[in-house]
Amino acid sequence: MITLGTNQHGKAEVRLVHVTRPATGAAEGAHAIEDLNVSSQLRGDFASAFTEGDNAHVHATDTQKNVVYAKARELGVGSPEAFLIALADYWAEQPWVEGSVMKAEQYAWDRIPTNDHSFVRSGQSVRTAVVNSVGTERLVVSGITGLVVLKSTGSEFTGFPRDRYTTLAETTDRILATSITAWWRWSEPPADWNDAYAQIGEILLSTFADVHSLALQQTIHAMGRAVMEKFDGIAEFKISCPNKHHFLVDLDPFGLDNPGQVFHAADRPYGLIEATLCRDGAPAEPRAWASVPAFA
Amino acid sequence: MITLGTNQHGKAEVRLVHVTRPATGAAEGAHAIEDLNVSSQLRGDFASAFTEGDNAHVHATDTQKNVVYAKARELGVGSPEAFLIALADYWAEQPWVEGSVMKAEQYAWDRIPTNDHSFVRSGQSVRTAVVNSVGTERLVVSGITGLVVLKSTGSEFTGFPRDRYTTLAETTDRILATSITAWWRWSEPPADWNDAYAQIGEILLSTFADVHSLALQQTIHAMGRAVMEKFDGIAEFKISCPNKHHFLVDLDPFGLDNPGQVFHAADRPYGLIEATLCRDGAPAEPRAWASVPAFA
Amino acid sequence: MITLGTNQHGKAEVRLVHVTRPATGAAEGAHAIEDLNVSSQLRGDFASAFTEGDNAHVHATDTQKNVVYAKARELGVGSPEAFLIALADYWAEQPWVEGSVMKAEQYAWDRIPTNDHSFVRSGQSVRTAVVNSVGTERLVVSGITGLVVLKSTGSEFTGFPRDRYTTLAETTDRILATSITAWWRWSEPPADWNDAYAQIGEILLSTFADVHSLALQQTIHAMGRAVMEKFDGIAEFKISCPNKHHFLVDLDPFGLDNPGQVFHAADRPYGLIEATLCRDGAPAEPRAWASVPAFA
Amino acid sequence: MITLGTNQHGKAEVRLVHVTRPATGAAEGAHAIEDLNVSSQLRGDFASAFTEGDNAHVHATDTQKNVVYAKARELGVGSPEAFLIALADYWAEQPWVEGSVMKAEQYAWDRIPTNDHSFVRSGQSVRTAVVNSVGTERLVVSGITGLVVLKSTGSEFTGFPRDRYTTLAETTDRILATSITAWWRWSEPPADWNDAYAQIGEILLSTFADVHSLALQQTIHAMGRAVMEKFDGIAEFKISCPNKHHFLVDLDPFGLDNPGQVFHAADRPYGLIEATLCRDGAPAEPRAWASVPAFA
């Protein structure tokens, strides 16, 4: 017997830009923009669409897209977390819906100082949020991806075991570079989603810089720890960091030394270090909420 | 109290091309190539690298890369599944290792008929494999990604509920297009990994084509079912399919009809349908093996 | 004095899928699809839009998009070259237009044999076409991009000069791999655009395979020459090929030999070889038609 | 008769990171980093490699890569323009070389304030430079790409002609967004390459913001004009700007108005506006230096 297990359907990557104006429709005055990429997925009593092609319960993915835009008009955005919770709340009241996964990326913009309504995309990092719902519960995970950082000194890698397949030399001064992707699960929401995100970004940067690194492992653990010590409402912190290798170029054949000056920035392969930090006593992530196609 | 939870470290995207020659080092005769992108991650007694920067147990990610290349020489590749199992077996015997996640993508090449050693990249789809290990157990997940297919008729979408936010019209003849990503978890390995992969690719294509589609949900369910009916050793099948919308262009303003001829292929947003199919009585995926940073 | 020079405006990347049915609107019978990405740019008496924001002459880019879809309905596609010529002809008759650049990419699909209307994307290469117009003249350039090929033997690189900065070892047996991008300018159109494209693709593959390569330079020259010898109507042939390096992995530290078996496929940097072949006496590419923003 | 025309060979995308330390090899004190992607191409007496596979004159692409790293050590980087000129000067003195094209992208980093040697990637835009050489002449083109900007008001599009294929409505208040790519060719070098780049970036931003836009054409013309008015040494300015459409979402079906608040950010197609500005009397770009494979 083969049976249908967990499943979900929705609309992915709804590109929403919301403009806040000082008065309805006003061209004058200071505008603000929020630039998001929103995905909406529903779970519930939808099996017959899969098994029989019966769409009587299927909230069309097109309708889910419409709801994203309509709720942006009705409620504004505010923060990706607040907006996704509003979407989850809406869908929780609709027939046949038992749960949902709402996701967003938010892109950063700086003001161009010359006037009140001009902006330039800033930074390389992207803010992320996921709201995973079952019934009335909301699991909120905030995150960041693509925060690219580099230290030109203050990083070592020594003392690792040497076996038949080990060729790497030890080093007490290397470039350490990575692109930080991190997620943090809230058991209690912070006072202000946007302020928390800004603070956490600062903590990640300053911790990366401050820690004299004996291993990338140590650095990412310190980053997660610093974030969780600042925010009691974070139950769990996950982080995934490529070690973006910068190899000192051997200039000996050209009669040149290379005292930590000229590096080749490699693409692939790259080291990959991943970890989870947990707060003792915090509620575990419910298995029932696990994403549908996330194997292995 | 904040504690370190699951963690892993390794080398990602080791680009391996293996050439099989009729005799050692021979230029003559029929060559064969295997083109893979391999990632190696270890779990085990590695916490002190995170908490104290103590690398005494850390199998360097560089060493993990070396093992990929050395094992390719010692054992050949054969299939991504067999190769990853060999890597997992090697690491299972090393100190401090309690488990591992080995992943691979394999790229397809066709022969250029004119001689025995020339090849052209074929297809858009990529073969995938994951071997997730705990102790002596090996969880093997095979897969495919990027299999882009389209039906120019034989697809409907009607009978869905209409509410305040529904604007989508019903249609009894539309283009159905998607890019298939699927994974299948083996409880019993097939007789031949490569042959199983080839057969499953054919089943996915023919089922996509054969099913008169009342919903993309129905089509992906039918694809998974057909695969599982063919291979008893598959315990679980997961599939994720974007609905790559092709919108009929409204040519009325130009005094032209458009009887299913001219379409706009849209990028974003896209529908996204995901499902799991399970074989009754098959062993569940062990939670302990869940990937480290897979939230929500 | 600063003056406005060459300029153009238009709509880029209009994604057009055209379905040919055996009878108007028919679901039955054998369908055919053509999948294109079309860009339309106009040149002419449009300076005042730039200098004064006066749009009285500006054929809106939205209108240019509409023309792509309308002409696909009125005339069909047939081949990217024929379709782009039709677009150029249309625009040549509109007010203020002095010239245009029409471009297209076409994506390849194979039939899924099981029925008449199901398709799977095939290959990695993309067909390209450009029609550059001045008045009644049409410069037609056909091309291909992303044709990825590899030879596992039959490639050498020796005899190059050695100076202070040379460290590369000579080799008489290496992997040669590249991703072919080529363009060919027609002075006389071929009998059939699609047939010519198919033949040229075959010539590129078989020449790549057949030539025992002493340098990638030699291989790309031979490819161009073979194409031009087959088609008298080609006045000029341009080709750009990265040398996708495959480095033999040094397995000596592990006590293993490596007789041409295990390779690392590198990303960056890569060699880059580019050349133009010309037919004597063929008309040169007119400078006036040079693309607007193509510096250096 | 088919003959070999212009050709070039070299190494593309050499990823160079240069660290400047306060004293040779010092970990202490303020570090500075320069992060570049350098491509080197040579032209000259290299035909026999193409026609006969004779490499006696071929400066190996690997050697060209080595020169990039060695010159970075010998001379430092300073600015992409200065570094590329140094590369061009070196190659101009080598046998068989008649010209070269040296290109670079440079990536921006900000300091993390907490210490002297930690950095975070900043901005989305990339600085570009090309030095195209013939004999002793150096054509220097500086540029920027990926400068993404948006105005939430202060942009109109009206007064364009309406014909059979025109459906676009006029608008007196729309979002204007683009990703600026621009190049400027110097007839006289500026006092300081880095300072000029910084100033030009500011001019592009402030002009984009300040101009009340009647057409994207007008905006890009004003940007180029402002840059050339500031820098007399710029002979020519080229700019290519997609119109990244933001469509006001129709919320009428949901009983909602939408006074310039909720937008859909579209991907494709997009408008594309391109222009060249020239200084009267400035020397033209020499045709002989045209890049090899730049058709149409």
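Note that the chains take the letters A, B, C and D in the order they are written out, and that residue 1 is the start of every chain.
Here, a contact is a pair of C-beta atoms (placed from the backbone, for glycine too) under 8 Å apart; a residue touches a chain by one contact, two chains touch by 3 or more.
Values in this document were obtained by computation on a predicted structure and should not be read as measured data.
Could you tell me which chains are in contact with chain A and with chain B alike?
Touches both chain A and chain B: C, D.
Let me check something: if the centre of a chain is the mean of its CA atoms, which chain is farthest from chain D?
When every chain centre is compared against chain D, the largest gap points to B.
Any idea whether C-D or A-C has more C-beta pairs in contact?
When A-C is set beside C-D, the one with more contacts is C-D.
Whole-Å distance, chain A centre to chain C centre, using C-alpha means?
37
Roughly how many whole angstrom separate the Cα centroids of chain B and chain C?
Computed value for the inter-centroid distance: 30 Å.
If you average the Cα atoms of chain C and of chain D to get two centres, how far apart are those centres in Å?
Centre-to-centre distance between chain C and chain D: 23 Å.
So which bits of chain B are touching at least two other chains?
If we look for residues of chain B contacting two or more partner chains, we find 14-15, 66, 70, 165, 167, 253-254, 267-268.
Which positions of chain B touch chain A when the two form their complex?
Touch residues, chain B against chain A: 1-15, 39, 41, 46, 49-63, 65-67, 70, 94-95, 101, 103, 130, 132, 139, 141, 143, 157-161, 163, 165-168, 181, 183, 185, 213-215, 217-218, 220-221, 225, 228-229, 236, 238-240, 242-243, 268-281, 285, 287, 289-296.
In the complex, go through chain B and note every residue touching chain C.
Per the stated touch rule, the residues are 14-21, 24-25, 27, 31, 33, 35, 66, 69-70, 72-74, 109, 112, 114-115, 117-124, 147-154, 173, 175, 205-206, 208-210, 246, 249, 251, 253-254, 256-267.
Hey, which residues of chain B end up touching chain D in the complex?
164-165, 167, 253-255, 267-268
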